[in-house]
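Below: a set of structures, written as structure tokens.
Each of the next two complexes has subunit A plus one more chain, namely subunit B in the first and subunit C in the second.
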Partner chain A sequence: MEITPGTAYGFFTDTSVCIGCKACEVACKSWNLLEGNPPAFGDGYDNTGRLDAQNWRAVQFHDNVPDNPAVTGQGKAWLMMSDVCKHCQHASCMEVCPTNAIIRTEFDSVFIQPDVCNGCRNCISACPYGVIEQDEHSRVAQKCTLCYDRLQGGMEPACAKACPTQSIQFGPLDELRERASRRLDTLHAQGVPQAQLYGHDDSVYGGLNAFFLLMDEPEKYRLPDAANAVLPSRHNKRGYLTTLATAALAVLGGLIALRRRRARDDDS
Partner chain B sequence: MTLDDAQHFVRDPDWTWYILGYFFFAGLTGGSYLLASMLRLFGKPEDEPAARIGYYVSFVALLPCPVLLTLDLGQPLRFWHMLVNTTPGNLGLNFKYWSPMSVGAWALTIFGAFATWSFVEAWTLDRERRFFPRLGKLVSFAGAPLGLFVAGYTGVLLSVSNQPVWSDTWTLGGLFLASGLSGSAALMGWLVRFRREASPSVGALALGERWFQILELALIVAFVVTLFPTGALERAFGPPWFALWAAALIGLFSGLLSGSTRASISPDGTVAVRAVHAASTLPTTLVLAGIIALRAAIIFSAQ
Partner chain C sequence: MVSLAATFGRGAMTNHWRDIRHADLILINGANPAEAHPVGFQWMMRAKLDRGAKMIHADPRFTRTSAVADKYLRIRTGTDVAYFGGLINHVLRNNLYHDEYVRMATNAAFVVAEGYSFDEGMFNGFDPQRKTYNAAEWAYETGPDGFVVLDIDHPRSVLNLMRAHYNRYTPEMVERITGIPRTDFEEVAKLVGETGKPDKVMTIVYAVGLTHHTTGVQLIRSGALLQLLLGNMGRPGGGMNAERGHANIQGNTDHAISWDILPGYLRIPAPGQQNIDDYLARSASKKLRPNSLNFFGENYRKFLVSLLKTWYGESARADNDFAFHHLPKPAADASWLSIFDAALRGRMEGLMLSGMTATSIGPDSNQVLQALSNLKWLCVMDSYATTSSEFWRAPGIEPSNVQTEVLLLPATHWIEKDGSFTNSGRWVQWKEQVLPPEGEARHDHWMLAEAFMRVRTLYERDGGTYPSPVLQLTMPYRDPRRPELDEIAQEINGRDLGTGQRLATFAALKDDGTTTSGDWIYCGHYPESGNLAKRRDGIQDPARNDPTGMGFYPNWAWSWPLNRRVLYNRASADPAGKPWDPTRPGIAWDGAKWTGDVPDYPATANPADQASPLPFIMTSEGMGRLFSNGVADGPFPEHYEPVESPVDNPLHPHQSATPVAHIYLPDRFGSRREFPYVATSYRLTEHEHYVTQHVDQLVALQPEAFVEVPAELAREKGIATGDAVRVSSKRGKLEVRAVVTSRLGPLTIDGKKVYQIGIPIHWGFVGINTGQHWLANALTPFVGDASSRTPEFKAFLVNIEKL
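And now, the complex of A and B:
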């Protein structure tokens, strides 16, 4: 595939074929020289935990196996999803970043410039997907770069290259969206009505460059649904108006206090 | 989480002690600047000594602000990146009106100049030297709105995020402003007792403090009401945070009921002045501790 600057690229992650092998995680770590964290052992088969400064791909495992299985899982007994930065069109992280360290690249991805970021962590409070973390070595915010350096060298991102089941597909966005809707039709025709796309259109953050085919509701995968996918700036107007109203009342009260005190002085 | 609860899958920014300290001092520096300016611009000539106390408080509370903010950064030496864009090929100033952190960085910088000017002016006038006599009131007038902004924007900054609690309400800017003002009035009212010629302003400060505390109480109620439909109430008020809320309310009511700056000051002599001062130290401390507790409850419960 030829990779040309000026074209929008992204990932289509088809969770229906993810087998949880974590090849994407390993490829990401080895290309990006991320040393990783000690494994986290919970009550499932997932020992990565979640996306953070050292894990730019993290395969989620959701165990839905019923205690007394009467039917086959219909693709829902195990939900696996290789999670990643969504490279949102309306990116919350980019919106709040005060240093302009977070930029949109010539490949339409969202990139944190490590030499510009000063580690204020405003982006962490904003990203609705919990993608970014401050790295304890570099002390700046880190996340998936969509393998910016590989793209500049004409290579596809390491995770997509390594994925053995084509669950992670990389390519120009238009092409990926077509592929995704064909795949969705196939699954529906095969009697899997719960299959749904997330982030392929502009209903979530104006569209996600890394979008997903899910086998259950988005919240199951720690993805806010369309109603909850909201930008931080939604509170600017109301927040400042409340502050302004409080300021006006405070000044008014202060003036009354000065007058009343004066009246008392005059009485005495 | 129930079906209607706000969905949050965000990571904590780990804004902790430095940020708590900054929010506290930002409330005091901005709040006392406003009160000082009101005393100077709308009070009587006898209010000028109290106004100067306000400018002293504002300057002293300003000093730790940039230090705390810088120490909180992952890369403290890049603090200036808040104002200057160092992106290659895109050099220039950074200003994003839709990012409260960006606006706040500029507001603090510019307000800092006003607070410093007013401090130097108060210091000089107290030593009976002249200091740009025509500019004093103008600087106070222009600096007051900036002080209000610095005291309140920190709450908006928290809300403009996707964190639970913070982004589930729009009341935090007003709440932080009201509590910053009540703390400033309490502190100034207490300090007035060390400066006899400032005593004519005690009554106004006491009345103002109560009014700001009523506003604060109303905004706490609004905070609760806005959190209710989002399912974040338990997170904000559940254990262990209720202890901080209790401290915040004790501070609020100790100011509201007793009046940490009681207006019953005796006009004639040091003994009476000292007695009142001693009586008001505890409520003032409680009010200030309550302001820290309020901010701590909001900052820590969401993370």
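And now, the complex of A and C:
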């Protein structure tokens, strides 16, 4: 694959074929020289727990397997999903960064420049997906870079390269979106109506460059649904109107109070 | 591997990884490829995604493979013979088998000799004293010409005996034994039955979940029988596909890691065999039909003599029977179980371990630890400290009580040397050295060469009882103490001693002492043109490198035998030589020769010619064996309970377990009352056996030992995920965390509720984060399969309590 600056790239993570092997986690740590957190028992399968400074890919496991002697697997009974930074079009981390350390790159990914980051932690609380954390030693905010250095060298990101089932696909966004909608059609035709795309269009934070095919509702994967996935600072007309109305009422109230005081003053 | 050789003639995965994408239906039994073989699993996913193939996973646990399968069936561990038997019965009863294929390529029409019987769980030919069958009594009827009589309608034809044998495996019986509800079984049976049509192909994928039982060989063979009946053997997208446990297990097997063979699956000589003629009379198969090629049997002498010439050089001459007398003729077996049994009984002084850690991998670890304690010395060659080099500080052992002298010789890791790996699909792939050896580490084969040269010096100086095999062994390397793997690869390939040239095919091997080959099946991988295992013409140019479009990639590395990618591929074409399915051809007859894959058949044998050989060239029948006397526990697979089982065998309660399992320590089996739950042991995707306890990233992914407990049982016992529990068997105990899940639920077996508990194996007392864990194999029983002596790691009884 030719990787050219000026084109928007991203991930299409197809959870219907994820086998939870965590090759993405290992490849990511190996390439990005992440030490990882001290080993800790989680629930037997998910012992990574979350995305943070040391984990830029983390496979979620959601065990909904019914207690039946025969079960249809098909990627929906035991949900597995390799989670990652979404590289949002409306990236709240970028919005709140006071030093402009967080930039949109020539590959349309969201990148934290470590040498500009001042460690203020604003982005950490702003990220709706909880993907950013501060590195303990460097105090710099860290997350998936979409393997910025590999892209500059013409190589696909390490996780996509390592994924054995092509659950993680890397490529130009247009192409990925097309592939994703074809895959969705196939799954629907195979009688998997709950399969759905997440973040492939602008309904979620203006569109996610790392979008997903999910086998259940987004909430099952700890993802906000489209109704909730909007930045407070943008596209929030009701919010603006309320603010405006409140301001108008405040001014009005002030004026009334002023007149009353004047009237009182006049009386006295 | 015993079962495949007994059925088809060779002991290996019949197809190859990439080929699985051609399947319409994928049956996965005794395997968890998404976790144990995630990279190879991509081809199952491709079949599913690109062809719409259906994937059926029958397993005690709902695993990461089940998660993407079309249908998961919860099956009681060790009952796959009943599952496959039910499918065989469905296929036979409804005449869904591929009739033309069955007549062309199987021994269905062979008439079995009088005397064959099967009654109350016992075949004929049982010797109650020795507790073995005399397999020679499972013979065919021979005619006046000395060949087997054929008559498919004869009451004792293989097909009719098979019908009688399997008609007991009704869907109701399958449900009683396996726990799979009848309706779900019938749904799967319908899909399986459809693959008996020429334009449909099913593959069966399996791994040690079938092997690790006292009935392991028959568990596999029952799948093989089903595949023969449906006409799925030899065809792209079909086959019996054994997934091997690590990168080079197939190479180990080929080069005689197992005690009962010499390299290339030649049998180990037996006591009393005075010369090659005696040996061949016992080992090489004889033609049972006039046009059976019987390739192995007919050429056995060439392969043996070439091997002897490789090993003993000038000292192997026609006038001394090529030094046949130098080969050991062991009176006892040297299987894993027998080695440690001997050590346990104090009959062994020293032990050298390489490429594994005996303490962790063997069943009944506490006995293995005792066995190691009984040694005078133990030498471990490894790149890391292992549970064997550190066995003296295992939990429950007082180091000062262990008198064994333990030596740890630092060995190179595989990334520190070149050499080849042979994968499950028989591809011999050369790899380069990535890093130089660290510190004083030496290659295992250098250490062995050094030890050998020193022993040889002692024999030269002091003499000995029988010095010739040691003194006469060839060491034809530039530095005999440091052989290069490239030199060894050339030696394995073999030469024409007249010209000095390396051979291009085993067809050139001779029995007159003019050729060498260290392993005849590898002959041709390193001809004069160079090391073919280094070839890498792959997907960088599919049009050029995959001319058939079938994914054979003939110039990618080299696969044994003769770079053939799908074994038994003569059976991929009909009697006239036309592929059964033209969209998925294996080989095809073009009027003058066979084209496509490298044919598993004489390249110019015209199928129209009546004298042309039968399709399975490696067996004495010329056919795939539905009925076989190549196994020790019965000519047809039969369901037997594990040696420790929660129920009596519903088919024949008085002969519940196999009568011919190898039981070493009879007092180490538990009762159902004391140990009411079934347990099975397995691996997880995050670790490889025990060695990855030294890899920090993998330890972080899977840091601590646990067992998986069915949710319903956990509720009963008040166990929650993360709680500490004790799991115990008659042999030992584990104290670890519990993971509570519905992925292992209860089964109803013959009307009784049965729980299965899952035991991942990876932890011990050596590694980054392992602390002082008991070994999972502390629980497993020390008992072996009748043919292969493989231990029953996958089915035993335990109890569980909350701590």
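Heads up, the rule we're going with is that the second predicted complex is superposed on the first by the 222 of 268 C-alpha atoms of A that agree within 3 Å, B and C clash if a C-alpha of one lies under 4 Å from a C-alpha of the other, contacts with A are read in each partner's own complex, and residues count from 1 in each chain.
Everything that follows uses one rule, which is that a contact is a pair of C-beta atoms (placed from the backbone, for glycine too) under 8 Å apart; a residue touches a chain by one contact, two chains touch by 3 or more.
Predicted model, so just to flag it, every value in this text is computed and none were measured.
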Subunit B versus subunit C as contact partner of A:Met1, first or second or both or neither: neither
Which of subunit B and subunit C A:Cys97 touches, first, second, both or neither: first
Partner touching more residues of subunit A, whether subunit B or subunit C: B
First (subunit B), second (subunit C), both or neither touched by A:Tyr129: first
Which of subunit B and subunit C A:Tyr240 touches, first, second, both or neither: first
Touching partner for A:Ala23 - first (subunit B), second (subunit C), both, neither: second
First, second, both or neither for A:Ala226, with subunit B first and subunit C second: neither
Where subunit A meets both subunit C and subunit B, residue numbers: none
Parts of subunit A lying in touch with subunit B, wherever the complex brings them together: 50, 52, 92, 95-101, 103, 113, 115-122, 124-134, 138-141, 219, 222-225, 228, 230, 232-233, 235-236, 238-240, 242-243, 245-247, 249-251, 253-258, 260-262, 264-265
For the subunit B and subunit A complex, residues of the former touching the latter: 6-15, 34-35, 38-39, 42-44, 47, 72-76, 78-79, 81-82, 85-87, 90, 94, 96, 98-102, 105, 145, 148-149, 152-153, 155-156, 158-163, 166-167, 170-175, 177-178, 181, 200, 203-205, 207-208, 211-212, 215, 219, 263
Sites on subunit A touched by subunit C in the complex: 16-23, 25-26, 29-30, 36-41, 43-45, 47-48, 63, 65-75, 77-78, 80, 164-166, 190
Footprint of subunit A on subunit C - complex, ascending: 34-35, 38-39, 41-42, 45, 49, 52, 57, 62, 64-74, 179-181, 184, 685-686, 696-704, 706, 708, 711-712, 721-722, 737, 739, 741-743, 745-748, 768-769
